[in-house]
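What follows is a pair of complexes built around chain A, which joins chain B in one and chain C in the other.
Showing the complex of A and B:
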């Protein structure tokens, strides 16, 4: 689904002394099938932005177009359910939203709300629990008997069960152990590829952004600060540092390497493997 | 979503009222609750209104903000007023249309009651608007201090109060967060028949209870880890200070009381 945000502005607690402008003049276009990483310092407006994408927050000015649907400032009240079915949000610490007696029922909550039959929802629950890497036996347990990491997976399964076209992830790996982080991110990436989703990932991790994203958008003080391919973004270290961010570790390493060796190497991908390949290549050339 | 409730909310500003000691404000507000009932004529109500207007002016809280907070209570005020206007049958009849009869006494009574309610609510919200919750509990603990002699756990009460006040915003935030998460999963909190709507709150309440219990446990642990052991021999980081302005404020209130006694009919 194409996403297009135009001149979006959001003010919290409008008309009170506590009024605060969280977003200002944000213009962003995300083409269908893109994996977009949204990065920015705490309080830069990332979470506010994504909550507009399925109508949880209303724009104070500007508009959002999600596929066919347009949400405008001051627009008429519309039925948001179809939009919410298509755009699934995995919130920060999603395990806090679990409430049912059994994992199965909790996963079925979303699909049932969107009018799927109980049998079908049960089938879906079986499918998604496997997808998030948990055994089927978990389905009959209480979500509150699970470990933190398992609860996170169940909550994610609850969002995936709605079978969304757009997947919005708000720091989905915060607070997980390193192995769990990689597993969850790989899971999202696989889904993104397999189901041809449009994915928005809010993250603090430059490594994740560089590894998975087709495009990166950088938010700073409520405005869209940079937007482009990872290679373009990570060439602007000073601009990133202005926004309280930095380039991925691999780029940091390479910049130091270039400084020390007087070479001018660049990366096409930002993984450690790619860095190692580039370095060994250049070392081999030198050896000759 | 839950932004329009101002009872218990603090309005940050620097005004004479903000700078007053919380004890004097508590005493004054409590005292005011009683003397409002002394007024029973136009002159005495006028006096109270002047005094309250003066207090509002010296608090520097914008009227617009106060009005917004009063809105939910206005319905109650208007309702009580109408009850009096229609049901009290005293004095001359002013208006009659079918079974509807309005008497002079009823009208006056209605206006008086409405004013009384408004004045009470205004003054008490001014107390919380100009005093931080921590100051209020500190003040209360001080004022109730003498009760310790009768082994009343005053410190523990004050602590409980400040903890609950402290966590109101947190709880509201959490409510909003979970509401949003469930709405993203298609939950609907705002439409449908009452029975359905009541059921819709289960996905909100269960997570709230779970996290509140968890937080309480964590807080207790953190307090114990930092050596908390009750109020015995505990000193304060910010001691309350009684200034001349506090004495003046209470004197003003005393003068108001005397005037009310003299002028009431």
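Showing the complex of A and C:
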């Protein structure tokens, strides 16, 4: 689904003494099928922006187009259900939102709300629980008897059960152990490819942003500060540092290596294997 | 080395749970060290932390802090004064309506007289570099700043140990560095013992010692150099290898002959340079 954000502005508590401008003149186009990473330090406007994408927040000015649907400042009230079905948000610490007696009921809750039959919702629950790497036996358990990592997966399964076209992920791996973090990110990346999703990932991890994203949008002080391919974004260390961010570890290493060796390797290796390949090529060339 | 905390043969069950969250854990924490505790989600790290200052009590075994023990009801307040905890979520531990009220809160609980209180508030806020924010309200602060205020609140009690329970995991990269640097200075300059429960392997790399928790047991304990070479142990404990070690390994597979796995980027860059 194409996403188009035009001149978006958001003011919290508008018309009160506490009014605060959280977004200003944000213009962003995300083409169907793109994996976009949204980065920026705390308070930069990332979360405010994504909450507009399924109508949780309304623009104070400007507009958002999600597929066919347009949400604009001062626009008429419209039925947001179709949009919310298509754009699934995985919030931070989504396991805090589990509430049902069993995992199965929790996952079925969304689909049932959108008018799916109970039988069909049950089938869906089976499918998505497998998708997130949990055994079917978990379905009959209480979500609160599961470990933190398992609860996170159940909560994600609940979003996937809606079969969304757009997946919006707000720091989905925060608080997970390193192994769990990799598993969850690989899960989302596989889904993104397999189901041809449009994915927006809000993250503090420059490594995840560089590794998975096609495009990166950098937010700073409520504005869109940079937007481009990972190789373009991570070539601008100074600009990133000014926005309270930095380059990923692979690029930090390349910068250190270039400085030590006087070489000028391009700063575009974003996985460890790619970095190793580039370094060994350059070493072997020198050896000859 | 002198112990500041001794955990002996501790087993702990949460009420209603059949299996123990901690099984027969023993641990010495040395005065003035930086000890990192790592492990998978549910390995018992945070439970262990809460046993250290009497927020939880062992079903079996003992937890001693200096000359005090959590088994002794009269010792609890002294133990909580000596062992300060910084928790994960900066928003859940801010109780005052301004920075100075927040620091005063803890002191009031300990019945510190007002003149002494004012002195301690100013002292501790300076030690975390937040003196310019004394009258600010919490919502004007960043996550990293809130955590520094939490640390100031602890410092005002004149503690001997600070426990960071994933205190940087909800912060952005800058906030993370801010908090770690603040604590490092307290550790190095003032000799405050630091116990850091963390998923951040790069942070654990710079600890004096590392403890690996796995399924409620202590799986390993040692210097980062030794712990982080044990690939299988780390994998089985839900952890990953630090960046420079992974890169060392990938370079070896490319046929680059490195003598060992290097822990830091600097060491690895230098090792590669000598090959070039």
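The rule we apply is simple: the second predicted complex is superposed on the first by the 285 of 288 C-alpha atoms of A that agree within 3 Å, B and C clash if a C-alpha of one lies under 4 Å from a C-alpha of the other, contacts with A are read in each partner's own complex, and residues count from 1 in each chain.
In this text, a residue touches a chain if its C-beta (ideal position, glycine included) is under 8 Å from a C-beta of that chain, and two chains touch if they have at least 3 such contacts.
Keep in mind it's a predicted model, so treat the numbers as computed, not measured.
In the overlay built on the shared chain, the residue A:99 is in contact with chain B alone; chain C does not reach it.
Of the two partner chains, chain B is the only one that A:114 touches; chain C does not reach it.
When the two complexes are superposed, the chain touching more residues of chain A, out of chain B and chain C, is C. Shared-chain residue A:225: touches no atom of chain B or chain C. Contact with chain B, but none with chain C, is seen for A:81 once the two complexes are overlaid on the shared chain. For chain B in complex with chain A, the residues that touch the partner chain are 3, 11-12, 62, 65, 68, 174, 177-178, 180-188, 202-204, 206-207, 210-211.
Those residues of chain C that touch chain A in the shared complex are 39-42, 88, 142-144, 166, 169-175, 199, 201, 235, 238-240, 243-244, 246-247, 250-251, 253-256, 265-266, 268-270, 272-273, 275-276.
For chain A in complex with chain C, the residues that touch the partner chain are 41-43, 147-149, 174-182, 204, 206, 244-246, 249, 252-253, 256-257, 260-261, 272-273, 275-277, 279-280, 283, 286-287. By the touch rule above, chain A contacts chain B in their complex via residues 13, 16-17, 51, 54, 56, 81, 84-85, 88-89, 91, 94, 96-100, 109-110, 113-114, 144, 158-159, 162.
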